[in-house]
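The data blocks that follow each hold one structure.
Presented sequentially are two complexes of subunit A, the first with subunit B as partner and the second with subunit C.
Now for the complex of A and B:
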């Protein structure tokens, strides 16, 4: 046998090995996600902590980190003021992370009107969310900390629903459901809405029910102050402080509760570059957590074997993208490996096809489950287009992972924090001519955004300073 | 003392909690979406598995007839579109699949089609590059297609003697498709039976999709053979990917989304525009 033929044989054997390994990895994820979809579809939620909403009102601090958020700052502060939480037990900490626009003026305006709002201003370069939370924490007086990103619009009873699970002393953190409101903004926004629905309605609820391992998402959620202290506080260098804290809480034996009923509206990226930057931050931060905590997860005495396996699969979720690319490349090698290999490898390639179908199908089953339970007929019709999102995300995740490992090899950190681009053209709550911030009646427009109708003053008017 | 109560799940599609004739504006206030579920009964699971098993079994035992039918459809389509055939040849697919006949299509050498082919190649590359530049969401998919095309072109340039005749392409196609046909009922059972308000609707979806998969495969194979006839082997990998795997996944997803939308209507009632 010639040297070239031997080399070709080695390459084909290597491609077959890669194909087998990647197919096995994808199969594990396929089984995991199929189980989640079937469980969520058929089983009643094991517990509903939101039933306790309003029975216990601990002292609460709501953190709102902001960096150049003048388009949305007024809305989040207004929405938080409208929440039905007892103001004697509430502190809203608006954190201005080195904004260069009108964010500080908006915060100052609210602070002068409402005692319940306090502000922390960070100067210099933007610090990032985790660092901003860390620097603002000394000013927090609550027993429970909730965190909201500035583009979120909490409903009136949300704070009560989110603090309810803390009645259980084992609960260290809580997470609510994120629902995009700008679904009409673009096709991408609609697809991301479908993805979010799957992530919360199906995956979070199933993980909560099956393993008691919901994930704290860094917004529309919170942490018990004592649990945060026990876990070591916020890590300023973490790109995804939510996953980082989730890992440390789980390793330390705390439970994280997911409240599916606690829905909060958010804004998803409407343009792919913004989505790609968001995805890059998530991938790098998430993978960094995998490297930091996989040993801790495996050795934690508080986690069962199933919980450890699920936690590791969650941390390694982004590795499925390069696995899929490796499988594609292996199929190509087999395809171009010559006539004999081509015919012989066809069943294997087809087997991969089956696995790919199965793996994709698991994801699509989750998406379908969420759309069905939500009653979203139009979203269900968008399912074929999620293939585009699937392909695009696979590429973006691979690029982010390459960047992460190059930086790691160079001894650099996981990368700098970047803010997600906002697409809201103007604040939804407009300050009236009389300076009042009455809660207006909101009317939904075609793009999915809500616009206020004036002269419909709600109860918050009567709670302004000095009235 | 523990008391266990057995309650029947309410089925919005088949029963109303309000007696007929009572003039209520709403017959039922739906549970909030965070608490909804659709209980899976053992009967429904058994029905889905049985349907998948029977379909796979049918495809296994009648493989010869199905393949002949498939190939006859391909032959008719090629004749109808005027693609010349040099006759039929017997094709041994594998030791575990029956042999079938396949039409022989003349596929030109790269030398015969060289100029026109490379122009088509250039046009396709430019089109793909435009899509890559214009639509960010398509970038990874288009990039993969570009890689396939370049690899294929490299293979043609480096190994001009390597040829793929229509029989070999059909063999490759049928072996892949047949595995998909065997796997498809099980995937469909999982995707269609579990959520349909009536289990029988799910079973009909599985059977319909399975039948359509055979017809769809014949259509795609005829299209690929037609393109092969005019363009030689340059586009084989791209055709195999786009009209093979991608087409199957897309078919499955389109069927899934349509059945899902119908199920949503039946489960929760069709919503008004303002309800989102």
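Now for the complex of A and C:
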């Protein structure tokens, strides 16, 4: 009996310790994210480089890596051609990463019509995005590199908005904002659109304003060629090459600018298996970056203490999922632990209650804040459904972390790259009656005003599904 | 029993949360997002251009009311558009309709126009007149202390007389002249000039070459020993293949000739005659002395002060306040320059800029500070 009681006491003490630690960690994140939401809700002015857009145009190379992207390739190449960037300073590199469908034929048809588009073909097995960028880089002639995933739809002024922050020599990379266009495709897609809005409108903008520390997201973003070289270039073995590059740039003293108005459509997964695979890649890649760079972040002479803390919290963000699970489990242990534990557990219970009321709400506060700032009040009503996404994601993140650490213990790498499944059934752009492509192209004259250089017809179909 | 009742109440409360969520989802289902306008092109003169385009369509609507040889009245919904030739409004006149004139326009003092104005030819606005917005096909003069609540767009020259205020953008295809205390949120034109004395020259001069006695800084050569005039060598760290980062405030006693990018993690102060051939950034403030030449971009997270008779041909950006000293020239080479302040941009006399001046609060023409 004495032994059983001792065991029970040890278990309860362990549960108390776990609950204390996890609650403290989660409270830190709660304070961070609540601060972000309150900052965005305040009247504080946000930095906005769009006033500089279009006045200094560096030589630009746009990378578009593609692997079996025949469903979307035409749309993004169309959209890039319609951009109002001076073609004398623009190079579009369409990278065919060992596609087995009609991707190369699509690229070739655009390349034959437009000199501004060049093709880079990688043979053999698919290399992954980072390796594709690395192999295409020798063909790049620009001072600034922008990257777009193939399923994105850049607007006409997007390139100019994205390069504007590079007037600051301290800026090594820039990130725009991704906006899901398939919000009505499924409940999951609509919830992910809320999540994206929160991540950019609330978190990225706040980190930019408060710490000057935005995150490069690998698409709808760009990097200065000299900064990329100084940071060691693209890492082909990185599962999340964007987070990896972010860390190296920050450690090396560069800044990453976020341009909230530089919006671009993307596709989000509409089915849970695709979302889970995407989450797994992000979790494993992110956590791998934490292990690679936490020392570099702490020792960097270019980061202030607050910046170091925020960078580490960003890298460790996925650990909150197992922390939450551990907090729940330890709560259950304490609940069934018996009356005599209640006194000891009372302050912890108060902390947990505060955490449940306060900390978890930080995430939902961010989501609601983003919906409010976007003017999408109706979409904010979806918030209760995010609980479903929250529980599912928590489980998926925990599984991914377990897989990561098992692989790490076995000496294997973080894992291979998985292409996110596309849901777009057919190209959105349609050719005109004369078979031509594109729309009215406007070129900025030296006077700062615009004139059309070519008259073409543009049709963009924003249609309801099923039409 | 009480626990079951409590559980049931929690369940009902939870389901009540889901009901508006379900309704919101049913509204969204099947629709793609339409928030991002893929065809949007950022134009400085967007407002004027948009208004002119709408006006062309409105003028094609049939006139309303009794025919009149001097003007036509067109109703567009519950808005009225008055189309006429040349017009002059006396003092203290007011108008609440959109006005489109095919000739010249002038008005006396203290007039009020609550809707947009379009003037095909030249326009003279009396002092203390209040306008909503105006687009002209010729020259425009805003009288002293007049206020335009929204935008101004002109094909010809625009002059903002002393105290005139435009609370949004001013664009011109020719030139904008800012007199003392005139202010606007943003100005964009091939030439923007501030007030000057009659004996001051407006001639746009070519920048002088750097004189003797400047220090050099380039990443591919050993640093000039004269760098010690203000530099702590241990604070200088390479940033990429074409730049440096300096840790701490940098206050130089010798003019600096810079041939590389420089990021100063602190404030930067340079004496007169410095020459920057590449981009510079300071996380603090930047104070450049007189007759400085800036070929690259100049970025300060706080304040930026460019000394008198300086020249720049890139982008000047300040997180807070920015001041352009008198007789500064900002010359397009070949692209237009842009100057942006996160708070207030002050422009002293005889400044000429080819491009854009803008600020989050306002751009204002000011006097030179009096000598101490």
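Throughout what follows, the second predicted complex is superposed on the first by the 413 of 467 C-alpha atoms of A that agree within 3 Å, B and C clash if a C-alpha of one lies under 4 Å from a C-alpha of the other, contacts with A are read in each partner's own complex, and residues count from 1 in each chain.
Following the convention adopted for this analysis, a contact is a pair of C-beta atoms (placed from the backbone, for glycine too) under 8 Å apart; a residue touches a chain by one contact, two chains touch by 3 or more.
Keep in mind that what you see is a predicted model, and the values were worked out from it rather than measured.
Of the two partner chains placed by superposition, only subunit B is touched by A:201; subunit C is not.
Applying the stated contact rule after C-alpha superposition, one finds that A:392 touches subunit B and leaves subunit C untouched. In the superposition on chain A, contact is made by A:302 with subunit C only, not with subunit B. Shared-chain residue A:58: touches no atom of subunit B or subunit C. When both complexes are overlaid on chain A, the residue A:193 reaches subunit C alone and has no touch with subunit B. With both structures placed on the common chain, the touch criterion links A:384 to subunit B and to subunit C. Of the two partner chains placed by the overlay, only subunit B lies in contact with A:42; subunit C stays clear of it. In the superposition on chain A, no contact is made by A:232 with either subunit B or subunit C. Residue contacts after overlaying the shared chain place A:253 against subunit C, while subunit B stays out of touching range. In the superposition on chain A, the residues of subunit A touched by subunit B in one structure and by subunit C in the other are 45, 187, 263, 374, 376, 378, 381-384, 448.
On the subunit A side of its complex with subunit B, the touching residues are 34, 38, 40-45, 48, 177, 187-188, 201, 260-261, 263, 271-273, 276, 328, 332, 335-336, 338-339, 342-343, 346-347, 349-351, 353-354, 356-358, 360-361, 364-365, 368-369, 371-378, 380-384, 386-389, 391-392, 394-396, 444, 448.
Contacts from subunit C toward subunit A in the complex involve residues 17-18, 20-25, 27-45, 171, 173, 186, 188-190, 237, 239-243, 245, 247, 261-263, 265, 278-281, 283, 296-297, 299, 314-315, 317, 319, 332, 334-338, 340, 342, 355-356, 358, 360. Of all the residues in subunit B, the ones that touch subunit A in their complex are 30, 32-40, 94, 136-141, 143-144, 147-148, 151-152, 155, 162, 164, 168, 171-172, 175-177, 179-180, 183, 187, 190-191, 194-195, 237, 240, 244-246, 248-250, 252-254, 256-258, 260-261, 263-265, 267-268, 270-271, 274, 276.
The touching residues of subunit A, when paired with subunit C in their complex, are 45, 47, 50-57, 79, 82, 84, 153-157, 160-161, 167-170, 172, 179-184, 187, 190, 193, 224, 226-227, 229-230, 252-254, 263-265, 301-302, 374, 376, 378-379, 381-385, 439, 442, 446-450, 458, 460, 462-466.
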